[in-house]
Structures are given as structure tokens and as C-alpha cells.
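Take a look at this one; I'll ask things after.
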Amino acid sequence: MSTTLSAASAKPRHKRVLPGFGLSLGSSLFFISLILLLPMTGLVMQTANMGWSEYWYVITDERVVASYKVTIWAAVIASVFNGLFGLLLAWVLVRYEFPGKRILDALVDLPFALPTAVAGITLATLYAENGWYGQLLAELGIKVAYTPLGIVVAMSFTSIPFVVRTVQPVLEELAPEEEEAGITLGASDWSVFRRIILPSLWPALVTGVALSFTRSLGEFGAVIFVAGNMPYISEITSLMIFVRLQEFDFPAASAIASVVLIASLLLLFAINIWQARYLKRLHGR
Amino acid sequence: MSIRLENISKTFGQFQALSPLSLNIDEGEMIGLLGPSGSGKTTLLRIIAGLEGADSGRIQFGERDVTNLHVRDRHVGFVFQNYALFRHMTVADNVAFGLEVMDAKQRPNKAEIQQRVKHLLEMVQLGHLANRYPSQLSGGQKQRIALARALATKPDVLLLDEPFGALDAKVRKELRRWLRSLHDEIGFTSVFVTHDQEEALELSDRVVVMSNGHIEQVDEPAQLYAQPNSRFVFDFLGNVNVFDGKLEQSRLNNEQAWISAPSSDVPLNNGQLYIRSHELALHTDATAVANLPLRVVAVNPIGPEVRVELEPHEWQSEQIWEADLSHADYARNPVKRGEIVFAEPKNAYFFREGSQQAPEQVSWDSASQPVKAK
Amino acid sequence: ADQTILNTSYDIARELFASYNPVFQKHWEEKTGQTVEIKQSHAGSSKQARSILQGLPADVVTFNQVTDVQILADRGKLVAEDWKQKLPNNSSPYYSTTAFLVRKGNPKNIHDWGDLAKEDVGLVFPNPKTSGNGRYTYLAALGYAQDQFGQDNTDAQEGFLKTFLANVSVFDTGGRGATTTFVERGIGDVLITFESEVNNIRQQYGVDDYEVVVPKTSILAEFPVAVVERNSKKNGTLDVSTEYLSYLYSEESQRLLASFNYRVHNDVVKAEVADRFPEVKLLTVEEIAGGWPQAMQNIFANGKQLDQLQRR
Amino acid sequence: MASGQRHQQRVGDRPAVKYTLIGLTLVLTAVLLVVPLISIFQQAFVDGLAVYWDSLGDPDTLHAIGLTMFVALLTVPINLVFGVLLAWSVTRFEFPGRKLLMTLMDIPFAVSPVVAGLLYLLLYGNNGWIGAWLFEHDLQLMFAWPGIVMVTVFVTCPFVARELIPLMQQQGREDEEAAVILGASGWQLFRRVTLPNIKWALLYGVILTNARAVGEFGAVSVVSGNIRGETNTLPLHIQLLYEDYQATAAFASASLLAVIALITLIFKAFIEWRQERAHKAESTH
Amino acid sequence: MSIRLENISKTFGQFQALSPLSLNIDEGEMIGLLGPSGSGKTTLLRIIAGLEGADSGRIQFGERDVTNLHVRDRHVGFVFQNYALFRHMTVADNVAFGLEVMDAKQRPNKAEIQQRVKHLLEMVQLGHLANRYPSQLSGGQKQRIALARALATKPDVLLLDEPFGALDAKVRKELRRWLRSLHDEIGFTSVFVTHDQEEALELSDRVVVMSNGHIEQVDEPAQLYAQPNSRFVFDFLGNVNVFDGKLEQSRLNNEQAWISAPSSDVPLNNGQLYIRSHELALHTDATAVANLPLRVVAVNPIGPEVRVELEPHEWQSEQIWEADLSHADYARNPVKRGEIVFAEPKNAYFFREGSQQAPEQVSWDSASQPVKAK
């Protein structure tokens, strides 16, 4: 017994069962460093050239702050709208059979494929007061193009696929039993949806909305054509970055970009963590 | 609440999952649906609940025709095979759900609901887990919560799909007993699905044996065991040895082996004798009753019994034979692997060749009859 | 081709240089017997300058912004310090001015800058923050105000400019966007842009639907050109690059430029096209703001005059 | 007595609800996605078919199409390999920093494309610390196709991994473990067991990557240098045409992009459908 | 190939899934790992296979130390609980996989592989399904294919995780028998996980009972049944009735009830008697051996036996008692629900209060001893 003890107490070196840990993690890290992180150093170095107070001054400039407000509000509205519309689209695509469903499914990805500027010009054409939609809306007294509402339209157009594509697979995987359990307990369709299905979709839906939101924060090409770009009213943050670039003020551009970037990353990270917690509660692991 | 099914049938695409079948269930009865996988048990249960629509036929709950009634309005309790607890709600919220979604008119107020949930959780002995999430429960606990949830709205009918399928033998037994006592106490009508014969026999007032979308037999457990009305039921209710014999000289012969005409007064014919494994005695020589030489393949002591596996010697049988002996019997004649032994049946069921009728029960000596009463 | 040069230019000069390049190629071949290939790059001129600073291997620049050439000299020493003196007219072979496009019949009765600060006049011009075109527009308005209210009456000037800015309906980021907004979306009463553009637009969208109004005073908008010496030296194309720009001053070239609605300096050509270019009192940036560096610093920089006037 | 009626059992299967939702989706999709698409074609064909073909036949347009294809052709395989490696490392192994890695992967969604381009420019441009070195060695990355490929890779790199990770998480490691026990090497394991299981998600990721790579404007425009017939991609070319009052030609090219996107997406829907049908036929006989 | 585990332990995070344990398995043995859910059976099996690394300890296959050997090189066959068949490959391709991925040097040629696959499929009696996909198979068929796949590379060690868990009782029995005969024929060493005691007892040469990451007992089935060395093993191997008694006047007393000192020569003490349910006789009156009044709660005829559930009458027991009677015994005294009857133990196991040792076997009359040999 005691003779084998020394041999046994040495911790065995267990090789990973599945191959490719070193290769896959190594090359992923290499790739992420090279493609994603290395360029970030440019941002850091540009902003590092400024002092803290100058940085603060640049990112809290009155007009820039106004643009944060506009951008965030528009992005919030657009992503909430996308949350609703995306959920509806995903639901209809998963739950029902109807002719043309596959084409509808394909159309969802259209906004990814169109250059954003084309999207912007097209939306401006449609929503301008002499456009197809603009005329109708004008009769109702609603102006979309060249108002903050235009920003919302452009943002939701460019980011709708995010919600659909994150919710869809989860909805597909949803087992019918919980739903049926709800119904046998006498719940109406609406209660079942709200109290049983929706909570299961939450993590995916929130992730989709968050992706849609961050994408909207950064959107430029599509927005500027419909925004009107009036100071303090319809100027978005991306435009402020663009202006700084026009002025060859790279540090200032980097500073404002870093604000958006940090905010987006924090949001995404927070959501990843929240989602892991939520899922842990659901699945117990 | 009694349940009456008339000519219920169901097809999925081309596949006939249920051939038209009828079944009456009395108020307060506990019915077990027993059958092999794919025999349509779940489908039938779901049709009763209203989760699936029948293609034809009629369903009555008591006096009420519920055929076209929505699940929601049938007011049944349903316990799903894998529990289907709401994962994002605490145990208490799960149980409260059925109460909270009631019409505003009927719905008890908050305090009442809380009271009721507390009472239900105590009834299933899990009061201390009210604030846990389902993922933090063991299988047996989940099962009990699923039951409590189904019972919260006081349904008249409780339907359970393999309620104990995924549980350990021990937990299973405990829950089974608990369910029975709950049933007796509250008095709802219940139907449960199982593919475990022991469970069906132990738990139900009557067992419905299904195969291929048909009902094969509906009977009380003892009756079912004593008088299976088809080969299928026979086969399904525990191990059985089959002797395929030709009538010659008032003996059933199979090559070198034979079994003499039984003492009971049944006209013999060509046909098959079904002999349960605990109704076989093993001897070192042929007896007057039978000459069934078998080679011992394995001897396995399984708890209170010794199970001897036997291979026909110089005659034919499709399957290995099995004899279940008490330790005492075994001690009297401790057969060894490889030996040739001679089996003698005590009781058997005779399936007449070419006949579709229920088998005749036959016996050779004064072996006790199985009990029939509950 | 024996040599290749890259001409980096502003975004709407595509057809202009598409016409000029063959002319020059022919000239160069006649002169030296060599063939030259000319590659074109078009985008906003600030963006082009930025790209060149970061390594776009341009041999010559043909911009619509003096500042954008200047920055190449200041920041990167890519262009000779004295680039303005290398060619006549401040190295600006053609020029234009800021003019108005109004809708048919001039319903709002717009004739001069003063009319733009009237109530219920909607203006469309590019954002001075993002577009050189917009900066010219603003400076022209400022020049008019100085002219009108006197150099020192800054209160009156700013009062005028404030209403002028408040009348803006849409700030597009570039000239083209503003044009689209005005013409295709039907927004605003006046589009303010380069005179050369105004005429292009009329040709594009219908001569009858719009009228051009050239105000009595306006600004001199120069279209500077320069050789990017560091690149062209490296590429060994200094000679052909220099000649590419000088030849813009030839009579043939000037005629070509004029056909694109630019004003030119060549007297012969000037006389030929006099009827198309009304007399205007042209103020220079130096006169209005003391020069581009001062304009950028005191007017357009973050928090300076423009920002102050736009503050709500 | 016999009633062949079907019961509604899943939430939202009641015809009234079902058709309302489908109808609402179709209307919303039509308004938000289809009409903009039609409007692009309308503007492309405004001057007739001949002009449309002419504008597509322009050598600069043809070159732009070629360059765009070329960039997509390089980008897609790079991101394919990277996406698979990343998904493999994240779903098949436990290691500290897994969550962070998954958040980092989302950076491109959080960065505005223009800023993304700027980041590359700041790093690899002449004034960047790598760019200076490149300049000395006469290596032109920015304002040439390598730069375009680099930023396109950046912008599209999350798509494949994002498609694969949830699927591979859900499938678990058991199949692969079975294969390892049977003696399969890493490559055999991947090619013969993993790949067939993830091929649909992979295809979908590739199609999204391709769609986005073909349509990317903002980031590419920063690093391209806009040299006609050399570094102008199709979206840049569209922008240029539009700026140059050639709206019809611009929209013709834009419609081409939309068509490319739609064709790939419908192609995907088609093979999915065939696969599904083949599978159904298999499992029923 | 023999297997030797020494001081194997494993933690997941904070959780100790296996406390250091050692186990020797002989060449050609078939070992059953039995234990409740979460007891570490799967973990142990995966560590043997090399799918999981142990935190400490050593593993030897025959003479070879394989502790640090990669799964690939351990050359074991593994059958997963839910089969893990490759969905996109036909049955034949699944079976051929292990052969096709061999090193070029060792790999049989195409024809040989085909031949071998054909042979394997015939061995598992599924030759006709070679071209189907896994989704087109029933559970039992899948299981057999998983076995054939694992055996294709002729491993010396076969590991199976709940190989029959998801199957019908009938199919299960068939496959079980088939596996045993295959094992005896080919002679590999095998370890299988189960939580079904009957399966473990019937199939294995030795059973390893686990709980909470410990090995509770390793023994041959008969031995295990005859001499369980702890309450846990006892409890786990079938139903048992517990009598908690205080020693007074050489009787074990519990309120009104008592059991006299057994005939066997064991010094009594306070403690618990464990009595298996088929070792209880029911009488209408107290006997010299015991005075155990019980109220009949239920009488269930379950196949060859009648199971009587009993509730202590005027004494205490944590659980319901159960007596399994033969039909003959029951016929002699057909008790009814609600009646009071008196139980008398024949054999029992005595757990001394405060002692952690194995229980002593005690008996009151000349009841036959269970067999011990296989």
C-alpha cells in the first residue's frame, strides 16, 4: 500500500480528450490579437497622446453630448422596435407554414448585404415628403426623413437581422411541453406566451436587441442620408467622429470613438454575463 | 368524473397511431395504460387531455361531451413525462401558475393563492423548497412538484405520462405509493401511462394493455395476470416459456420432448403451451408429466429467487427457457451450468393452433390457483 | 504605358478629369514620345488628404480645398512648402464661386444673400463641418455681412448669420447629398453650392425647373492643384506630374474646364464664355477671414464662431 | 358524431391569431424591407433596360465587381477557418477567459465600420508604428487590396463563429468523444464527424459573411484610396457614381448587390429545403 | 486485459465526485457499477476510458500503466448511454468508422473492412439494416449498432454506460442476455453502469455498489445479496423492512411490539433488524418469535407474488412495511385491507446500534440459506 502511495500521489497529467485545444485556442487568440486587438492599439495610442483633461473636454463637448443623446435615444427606440418586429418575424418564421416563407426568411438578411449608403439613400427617397411613404405620412402630419425619426428608421433597417437571427434558433429548440403544461393549467394563449415562452426567449431576445443597439450606435452610412444632421437635433455621434476626421483631429475622433466602443463592449459583456447567469438558473449548470 | 371514449382514432400522416377504440373509466378509478413503445399510449392520453385532436370519435367527461372542447376548458391535470416544469419560475410560482391565470372572477386573491400553494407543497412534502428553481431539484422532487402543480386547480381528472419513468427504483416506489394514497384521499379520476408492468399492476385499479394502437385487454391486475386473453398480453406481462407441440398419443410432442395431457379437462390439439418461469420445477429425470430435457446455460441468484436459464436439448424452441426457483427449491436440487435437467410444468396456458381465442388455463397437479381478488 | 501617375481628386471631378486625361496623354506623347497612364481617385478632398498622409501614393492632387493641400505640406512635408507659388493664380488653374439654385419662377424672390435671412426661406447647403463646399458658403455669407454691415459691426453680422443658419432645413455631409435633398426630395427653397455645380444640376435635372441666381458679392473658390513631391520623386514621375498640372493652364485645357462650368483665367477663353459667367464681386478668403488657417481656427474649429452661432 | 376537427394545441395556432400575425409580418416586411428593395430596382430601371445594361457593362463597374468578388473570395475562407477554430476552442474546452473571448469576438459589431477602417489606417498607415516600418520596406497594405481584405475580415469575422457556437454547444461533445475512442485523429474527427453535423450552420455563416463582405462600405472606404479601376469596390463605386450624378448607374450597381445577396440567400433556402425533404423521405420509409 | 485502479479521485470544482477509490478487475470479467443517480458511476467509467482525467491515482491495463495515455491509445470500446451514433452516417459506415480511421499501416483494405462490418452486423443480428440511418432505428437497434461499432476495433476492454437504460423491459432482457453471451464468447473485459439492481445482479460477475463517490461494496451477486455490508447496500438492493428495537428482557422492543432473540448465536443489543419482504410470514396472531401487529394497507397481486403493504399498529417505523407472499401462502391466509395481522420474520440482518460494521445475519427457524455459488 504505502509503496504505491508515492506513485499514486503524483497528479496524473491528463491529456485533453478532444484534439486541437492548442491549435484552435492558439490560432483563435492569434487571430483575435492580430485582427481585433492590434488595431485597437491605434485607438489607444491616439487617445493616449491627449491628457486626461483634454480627453474629457473632447468627449464632453456640448454638441458631442447632444449627439450622444440623440444617438442613444434613436438606438434605443430602433432596437426596441427591432425587438418587437424581430420577435414577430422569428415567431412567424418558426411557427407557421405559408407560401413564400423561405423568401421571407431570405429577405431578413437583405440589410446586411446592402451597402449602408444605398440603404440610406433609398430610405431617404421613400420617406422624403415627396416619396412613397413620405406623402402618406405627411397627410398624417408625420415627418420622418430629416428628423430624428429618420435616424430611427435607418437604424432599425440596418440592424433587424440581429434580433431575428438570435431569436429564431432558440424558438425552434423550444420544447412544446412547457407550453402545453401552461395550457392544461387553463392559461390563455397570451398568458402562456407572456409568462412561459417569453421568459425562455429572454436571453436570446436581449442579446439580439443589444447587438442591434450597438450596431445602431455605430451606424453612419445609412443614417446621415435621412437624418437631416441639424446641430443638437439630429446629429449622431458617428457624424461627430466624422467631423473630427475631416478636421484631421485624429485624437479627438479616436476619443469619441473610444467612448462608443467602451460603452458597447461593456454592454455586450454585461449581457454575456447576465445571460450566463440566467441560463444557469434555467439549466442548472 | 367518469370518462367515456367512443371510437377514438388517430392517424399521423399515413400512420395509424390509434385504431378506433372505446374505453369507459369510472369516477375515481385509477387506470394504467400499459404497452410497448410506440403502441399509442401517449397519443391516447393526449387525446383525452385535448392536447391532440382525435380524427373520429367522441369523448365524454361525466355527462358532458368534451370532444370539441379546448384543452383549457377541459379542466384536467396533466403531468408530463419529463415534468415540463417552468424553468424560469420558482417552485412556488410553478404551483401557483394554474391559480394565477384563472379568470378574474374565479381567481382566489393573493393571500389565498399563497395559502393554497403552501398547503400543496406541504402535501407533497416539499414545503421547504418553495423558493428553489426546478434545475435545483432532484428528479423525484421535480416529479412531486409537477404533481402539485397539476393538482393546484383541483382537476377532476389527472393524466400522467410515464410519471416515474426517469427515476431510481427506490424513489419510484416511494412516489408510486404516495400517488396511490393521494388518489385515494382526494378521489380524482386518474389515467397514467407506463411501460413497466410491475408499476401498472401495483398501482392501477384496472390496466389497459395496448399494442399497435389497439386495446388488447382491459382488466383488473389480478384478472389480467390470471387470464391474459392473447399471446401479446401474455408475452408482455413477464417472462414466459413457450412449448410448441404436436398432439400425438394424447401427448404434446416436440421432437424428443413431450408434455402429457394436463389433469384439467381440456380437449387437446396441436398448439402452444405458455408456461411462466416460476411455474416450472426442475428435476434430474423426466417425470410422468413431462419429458423436457434442457441444458443449464446460466444460474443467477437474483434476490429472493434463483433464475436458471435453460437451452432445449434435442428439441426446438425459439427462445431460451427460464425457470425462477425459490432458494429453497434450488437448494434441493442445485443444478450447475452445463448439466442436463428435466423441467416439469405446474400450470400453463394453452393456445390452440389456428385459434384467435383466449388461451385455456391448464394444470397438472394441485398447484394453488393465483388469487383473483384485490 | 511608360509611366503611371495617380491623380487624387475631389468626388465630383470624375467626368472633368475623364475628359482632361486623354488630352494630356496626347500632349505628353507629342512632347516626349512617352505614354502615360493616369489613374484617378475620387472622394471627399479632406478624406483624400487624410489618405495621402497615411500613405496613398498619389502623384498629384487636384482638390477643391486649399486647406487640404496645405495640410499635406504642413503635416507630412509631402508637398512643397511654397506650393502656392509653383503655378499661376495661387496654383489654382480654375475657380468658381458660390451661387444659388432656386425653384422655377423664383417664388421666394431670392436675389442676394440678404434674401436668405428672410423668414420662411428654407436653405439647403452642406455642413461646413464636413464639407469644403459648406465652408465656402458660410464664408461667402460672412463676406456679404461684413460688406453689408461694415467690418466692425460684428453684432449685426452675427445677427444675420444666426438667422441664415437657422433657416437651414437640412445639413447634408456633402454637396451631392445637399443637391439630392433639394432636387429629389423637394426640401428647401434655395440650394447654395458652387456655381459650377449649379449649372451641372440644371443640366441634370431640367433647365426649366430651376433658376440660377448669382449674388452680387460672393467668394472666390479656388481649386488648388499640387504635385505630391515626396511620392512622385519616389515614383520617378516628378516631370510628368508637374507637366500634368501646368498643362491645365493651356488654352485647350482651359476651354475644356470652362465647358464644365468653371471660371478660368485664360483671357481668350474668358472672352469666349463671358456670357455664361455674370460679373460678381469676388471676395477672397484672405479678405473675409484673413486666410484659411485663420478661418479654420477662428470660425470652424470646435467651439468657435460657427458653433457659437449654431448653439441653441 | 364523428368529428374530424383538429385541436389547436400550441400557442398562437388559432387561425385568427395565426393569420393576423402572418399578415402583420408580411405587411411590415413589405413596408420595411420589400419596398426599399423594389425602390432600388425602380431607380435602376428608370431609364430603361438598355441604360441598365450599359451601366453595368462599364469597365470601371466591371472591375469593381471583380474586385468585390476577389475580396469576398479571400475574406470568406479566412473567416471560415477562424470561425471554426474559435467555435471549436470555445465549445469543446473549458478554460479561464472563455467568456471574455466570446465578448471580444463581438468587437466588430460594437465598432462603427468607419472607425474600424480608421483603426487600421492608424496602425498600418504611414504614421502608424507598423505602417512606418511597412513604408520603409516599401510594402503597400493600405490603399491597396490587402488593406481592403483586412478590414473586410475585421468587419465580418464574428458571423461564422456566432452561427456555430450555439449549435455546437447544444450538440455537445459526445459524438466527437465516440470518434476519439474509436481512434480517429484530429483531422479525421473534424472532417468525418464534426463537419457533417455543423455544415448547415457553417454554410449559413458563410453566406452571411459573404453578404456582408460584398456589401461593406464604411470600413473599406477609409482604407481603399478610392482609385478607380484599382481599389474601388462595388459599394464604393456605387457611392462614386451617385456623387457624380449618375444615379441610374449607381442604383443599377446597387441592384446587382441586392441580387447577389438574394440569390445566395435563396440558394441557401433551396438546399436547406431539399435536405429537409430528403431527410423526411428517409425517415418515413 | 485486467484493469487496476489505484486511489482514483476526481473533483468538479468544489464537488468531490469520486473519493479516492481502488478496484481490481480481472481479465475477462464483467463488472457492473451499481448506484443511485449522482453516485459517480459515469465519472468512474469515463476515467477508465480516459475521457476524463483523474485528479490523483493510477490506472493500469494489464501490466501497462495507462494513467497518462490518451483515450485514443487506450484502445477501449465505449458505448454511450444515448448511443452517440453518427447521425449522418449509415449503420454500416458507423460500424466501419473505427476501422477506417486506423493508421494506414494497420488499416485493413476496403474489402476486408466490408467483410468485417458485415460480420459484425450479422453478429448483432442487424445485417439487413446496413444502409439505414440511425434516425430510422428503434432504441434497441441503435443500442446494438453502438455495440457493434465499439467492438469493431476488437478492444480488450468494453465500457458501457447504462446500455439498456432507455429500453423496454422485454427488449432490455433480450439484449442483456445477448451481451452476456457475446461477452462469454469473445472474452473481453467489460464494465457497465446501471442503476437497475436486477440488471446488475443478473449480468455481472461482480457488482460494484457505489454511493457518493465511494465504493460501498464489491462482490459477486449472490454474495452481495447474502451479505450486504452496509445499510446503504441493503437499502439499495430491494425492499427491506426495518425494525428499530431496544433490548429488554432478551427481546427487541418497540413500544407494544417485540421480536424475540433469534435462534442463531448472536449476542443481542439495541439496534435495527433489517427484514426482507419475502422473509416475513403473516399470521392472525402473535407467535413465539414475534409480536408485530400491522394493519393491512393494500394487497397487490403482482405476477407470481402477492405484495401486502402494512402499517405498524401501536409501534413505530419510519416506513411502510411490505410482505411478499407466494400465491400459495396468501391463499392459506388471505388477509384483507384494514385487517390487523401479525408478522413473523424468518431471516434478518442485525445492525448493532452505534456500530459501523457489517450486519450480523440472524434467523429464527430453519429457513433455507440463500445460495452462494454461481
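Here the chain labels run A, B, C, D and E in written order, and each chain numbers its own residues starting at 1.
Keep in mind that, in the parts below, a contact is a pair of C-beta atoms (placed from the backbone, for glycine too) under 8 Å apart; a residue touches a chain by one contact, two chains touch by 3 or more.
A quick map from chain label to UniProt name: A = Sulfate transport system permease protein CysT; B, E = TOBE-like domain-containing protein; D = Sulfate ABC transporter permease subunit CysW.
Computed from a prediction, not measured in an experiment: that's the story for all the values here.
The minimal number of chain-to-chain contact steps leading from chain A to chain B is 1. The chains in contact with chain B as well as with chain D are A, E. Ranked by C-beta contact pairs, the top pair of chains is A-D. Rounded to a whole number, the gap between the C-alpha centres of chain A and chain D is 16 angstrom. Each chain gets a centre from the mean of its Cα atoms; for chain A and chain E, those two points are 53 Å apart. Chain C and chain E have CA centres that are 90 Å apart. With centres set at the average Cα position, the gap from chain C to chain D is 39 Å.
Within chain A, contacts with two or more other chains are made by residues 17, 121, 125, 180, 182-183, 242, 245. Looking at chain B, one finds that residues 51, 71 touch two or more other chains. For chain D, the set of residues that touch two or more other chains comprises 9, 121-122, 128, 177, 180, 185, 242. Residues of chain D that touch chain A in their complex: 9-14, 17-18, 21-22, 24-26, 28-29, 31-37, 39-40, 43, 82, 85-86, 88-90, 92-93, 95, 99-116, 118-123, 128-129, 150, 153-154, 157, 166-167, 170, 173, 176-177, 180, 185-186, 189-190, 207-208, 211-212, 214-218, 234-235, 238-239, 242, 250-251, 254, 257-258, 260-262, 265-266, 268-270, 272-273. Those residues of chain B that touch chain A in the shared complex are 49, 51, 71-73, 75-78, 80, 82, 84-89, 97-98, 101-102, 133, 135-136, 149-150, 152-153.
Listed in rising order, the residues of chain B touching chain E in the complex are 36-38, 138-139, 168-170, 173, 177, 180, 195-198, 201-202, 221-222, 225, 235-239, 276, 278-279, 298-304, 306-307, 309, 320, 324, 327-328, 330-331, 334, 367-371, 373-374. Only residues 175, 177-178, 180-188, 191, 195-196, 199-200, 202, 278, 281-285 of chain A touch chain B when the two sit together in their complex. Interface of chain A with chain E (complex): residues 4-5, 7-9, 11-15, 17.
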